[in-house]
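These notes are about the structure you will find just below.
For clarity, chains are labelled A, B, C, D and E in written order, and residue numbers in each chain start from 1.
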């Protein structure tokens, strides 16, 4: 993929994006309290499956990484690891204000306040916490973005990997932590 | 009658072999046994009112009743052999006494991982 | 025509001479054994009177095929064992010469009382030889039992004499054939016990463990091969050819033989010391051979007997040598012993396999023959017992062979570094001797027809009612 | 002429190999390759001489189709395994003797199948037993050799009893003639049947005689396990065949009780076969040692072979004859693959290995194809034979046999997959990073076996033709072939079509796969770990207790091995008792027994 | 076998794919309705599959790729053997045992590929799947064995034709009700539906064998899943429900059975794997043995 054709999608990519838009499998990274909003979104009241969405067991199978809450140094490493295991194209959705600016933990020494310094976030869902209506609405937006080919965070991450990596290392010292607890 | 004495001696000898623990007494028992045997053998050849099986000027007619000489010859041989084994047995007993300091067979032990 | 009495006289004479010339004892012994072995080959068959009295009154020597075959093997083995273990003879040369005379007498004599005399002569030499282990209590035990046994033999003999008035075997067998067998029960039993002590029938063989278990590389093969062979041949002579057994006693004694076979093999199975394993195996084999003799299967019994003594000569030589040089004959302590003594190991293995009755070895020929023989009697339980014995025997012998060849812990690949460090030595003379013996076993197994041809000249053995199955070129029968 | 040369050549070859080994070990090992390959060539050349008779020394021989077939299987396994010998020369304690015994036992097996009379049969049988007994302990266990020998001997001694009994009855030892009088005597035939087949049962490893297989196969030298499992076990099948084919079992048992048309005597043995299948499968599933696992699978497959042979019908018999071949080469190939792994890593423990595919792909492929055949999955040879056996069982309605067969069949997926997943797939331990792949000489037999397994799975016609001849000779209807189709009474199998359809499906899948985006290659440790950071491949490998939940269901099973060992211990104790009762240094003990005997006889005599 | 066979086979594969995928979509809808949800579009399953195929993927080595291809190839080959109602791509190849064993090629390929990923969860999943297979296949095969013995044919279409002779009452599920029950339970196991789905337990072992699949590999596994569902349900339709005299009849029976099982599945919890084995060996196997015994010895229901 050359830079010229970055915004030009081939026909098959358009078709593929249609499929991608209507079949969104998510890996939930439920670090915080926001996860409590997912069950109502799944079940009969809101039924996210009608949009073709569903939770998946592993990042390999998932298209969307949904991060529902604050990030600490410890969890961010795992989030990055999971993200890198996902298959392209992949999208990141920041859920709740914690991922935006740290939320109520904004002044904690241990919290990573801005997710998009470390991972390319395609979409934020603001709120503390966002209700299922907001989630459904956000995903409607994501579907449209994907269909139009606008959700290109994964490519951004590839192209600016050095910048992201620098941020990650700056905050975490090492992403793939290897010490006496991890061998 | 004398057979029974022989058999009795044999049985006494065997009883001795069964019960004695002293090596010398075992050899004695063996000798008693052999003695009984010899008595028995002699008795086999014994003929009542028989004479010695030697042709003399008196005893030379064909109707003669004489004692069977063969068992006596046998006993002679058996006694000699018995003497030999007794001697050897005593030699062994002496060696055992020298080695173990006892003649009691219970105290000697089997020697091979008993 | 050479009078076979020379076979008895020459060693006896040399024995006396050896007392006078102590320095030449060993030479005299070898000379005697050589002369005897050579004489055997020149003997002519027939009956020989001793002292001029005609049988049934006088003593006679009977040299028939049975005796001839026995003499051949016993003298040959005696010579070989003597040569193999010359260094072990020491004080015993005179005794050995007397023993040779006694053994030949046993095989040759045709008179029951004469047999008793030779039995005692042989036994006394055996007591003395057994003392070379310095374990006198066992020699003493052997002496007491042997004397008691021959006393009982004498007892039985005199009872027979009392009834039939004869001591000549040929004469007696004619007279007894027509007699009421119930008369014979007690004398037969006493004679059986008397010989049973010597041929190691089960309840009478308490001495065997102590004597065989401490034997060295001279005494072990001598006892297990030469003495045992001669005694068993005598047993066969008396119980297969002289004394007819009534059904009652025969069944009982057969059971005793079968019991000896199984019990001996089981006892061997439970042992770890090589000589003990082998001695119990000898007991088992004796049980088997006795059973065959009692069944009237003389030819298979003799074949099996030869198989047994030839094998045992090899096995006991090696086992005795192990005990002599390393001070132990525990199989565990000697594991991998053959890694450094391959030739001796091969001979040991051949002897072991032949003893089990594996094909390609002589033992197979004899096993097949004895099975054919037993089946021809329409006896269906005995072969089962014999085969069961073979299974057990094979198990412990293979276990022993594997242990001696392949050192190593369970779970690790067998490697020479696990082999015993015991200072085992096997002299060249012994190695050559056992190689010769095992070669005989191998040739006998590969070419049973050859043995058959040599045997077929002999009339009496094959005239037995026993069917003989040797392999001709067509295979089978 | 060819066959007497063949047999004599093997024994001469044994001596030659030994002598050559004395000069140069590797050369000795190559001699085993040459001689066993020579045997293979001679066998193929001599196919025209079927029916000829000859004698060697005192032994008579006759070349029959079934003998030719069996020895073909045997020689093939020996020849293929021989390629491996040279790599183990420096690890064996007696390499020269190994080469000697290797060819010696080969000679024994070949002679066995051509025996004309029962004694010759027995001679060669025992030759094989003792020569292989001495190879087994060169491996990891001495006890294994003793157990192997004992179990084998129990069988062969029973058979010897049967041979003698037969001779007593019929007056001949000729194989054809000896069994003839049994036709009209069901009682005697039953006795002979059970006694004679014992050697077969012990050798195949039928329950309760199976205990030697895992021990001996599992601990024999790696180069001999393929022969044991692929080759020697099949000797038992030959005896089993003789017991129903030459002993006219079905004819003799005409009057007996039948189960689904099978005489109860034969059915009883089939039950043992079924038990072996189930037991072999269950035990194989829980093994941690790859060699033991394949050994137990041999127990299970032996059950199949026994059931098929005992059926003596058109389908199952043919299936089991073919299974014999398929199992021989597949099991040999599997053992060889494990041997390569053992050669490179020094262990056969499943839990200590992993990821071997990345170091030795050809070995992996060999193992894969072998186990596909073992599990009876098309398009490999094992499928054809299992299909025939199951169709045969369905034809006869033997539901419990079929139940066992299904269990064994599905269960085999479990146990063959275990080494596949845990030895060859999964994580590669860092200590194995530097392993080299299989040496060239090992690759040759593995490739040949792979090709053979696949070839006879796709085109089984040649083998089934030979089996048809065997069936005709045994007096049963031969298996029907039409083109590439096997025609069973209740089904048709066209192996070529199966293969082509499979190829077609594979092609479509491949096209789909290739059309899509290329994949990115990632390392083995880059897997989903719930985002945990793990750096130890050994710990991150699912290798031990692979079927733990299932194994738990029968963890506390009764074991015949325990029973047999207890029996052996009882024998040991009886021996000690004999020792204690009768043997002492005190004369009194023996004198006591003498008086007892005298008393018993005298009193008994008075009673008479 | 000639070229036309292959063309025909390809078309039948396509038809089977379209049919089964649609049915899966519909069933997702049905399940959603059971749970009082609206549910996805009926063609959602197509979208999912094509999306997966369109994505990028990672591989862990050649066996990871090869296994997937082998799995899909094997399963498609099996599907070709299955008679599509009265239509058969390959003549005289619809032998049950062939189908049962060819099916295993696909299973093995999948298992191999999964284990080849190096992820222990995949191996655990495979181990459970194989154990599950050992559980459900034995009762099923037992019943099938009885059928083959009774009617002397192991051809699927042959057995189906025999049933149709007697009309509705001739169906084996009516004539051999025990066998029918066993077959339905086994089918539940074969399909990996609840309560026998512990091998893909998503929360416990991260969907088991599929843990490392993404992109085209995952897409192909979805295809594989559709085809194997087609094979398994078709087996039951042919063996117990009279197959199909017409394609329409076949498809209707098929759809009804599949939907029924799906509904059952959605009201049940999940067995542990050893519970599944115990269950299968207690109830269905006993039923199967009784049924087979009745068929073989008593001849009940064989007419």
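Please note the rule applied: contacts are C-beta pairs under 8 Å (C-beta built on N, C-alpha and C of every residue); 3 or more make two chains touch, one makes a residue touch a chain.
On a predicted model such as this, the values are computed, not experimentally measured, just so you know.
J.: Could you work out which chain's C-alpha centre is the most distant one from the centre of subunit B?
T.: So the farthest one, by centre of C-alpha atoms, is A.
J.: State which chain is most central when centres are taken as means of Cα atoms.
T.: Per-chain C-alpha centroids compared to the overall one single out D.
J.: Give the chain pair, either D-E or B-D, that is connected by more C-beta contacts.
T.: If we tally the C-beta pairs in contact for B-D and D-E, the bigger total goes to D-E.
J.: Please tell me the distance, in whole Å, between the geometric centres of subunit A and subunit E computed from their C-alpha atoms.
T.: 36
J.: In angstrom, rounded to a whole number, how far apart do the mean CA points of subunit C and subunit E lie?
T.: 75
J.: Using the average of all C-alpha atoms in each chain as its centre, how far is it in Å between subunit A and subunit D?
T.: Averaging C-alpha atoms per chain gives centres 58 Å apart.
J.: Mind pulling the subunit B residues that touch 2 or more other chains?
T.: 14, 17, 26, 105, 108-111
J.: Listing for subunit E: what residues touch at least two other chains?
T.: 54-58, 206, 211-212, 215, in rising order.
J.: Can you list every residue of subunit D that touches 2 or more other chains, as numbers and ranges?
T.: 526-528, 584-587, 591
J.: Which chain pairs here would you call touching?
T.: A-D, A-E, B-C, B-D, C-D, D-E
J.: Under the stated contact criterion, what part of subunit D meets subunit A in this complex?
T.: Per the touch definition, subunit D meets subunit A at residues 526-528, 531-536.
J.: Which residues of subunit A touch subunit D in the complex?
T.: 58-60, 77-79, 81-82, 85, 176-178, 182-183
J.: Over in the complex, which subunit D residues touch subunit B? Could you list them?
T.: So the residues of subunit D touching subunit B come out as 584-588, 591-592, 595.
J.: For subunit C, which residues count as touching subunit B in their complex?
T.: Touch list, subunit C to subunit B: 113, 116-117, 120, 124, 127-128, 131, 134-140, 143-144, 146-148, 150-151, 154-155, 158, 161-162, 167, 209-210, 213-214, 273, 276.
J.: Which positions of subunit B touch subunit C when the two form their complex?
T.: Interface residues on the subunit B side: 10, 14, 17, 23, 26-27, 30, 33-34, 37, 40-41, 44, 70-71, 74, 77-78, 81-82, 84-85, 88-89, 92-93, 95-96, 99-100, 105, 108-113.
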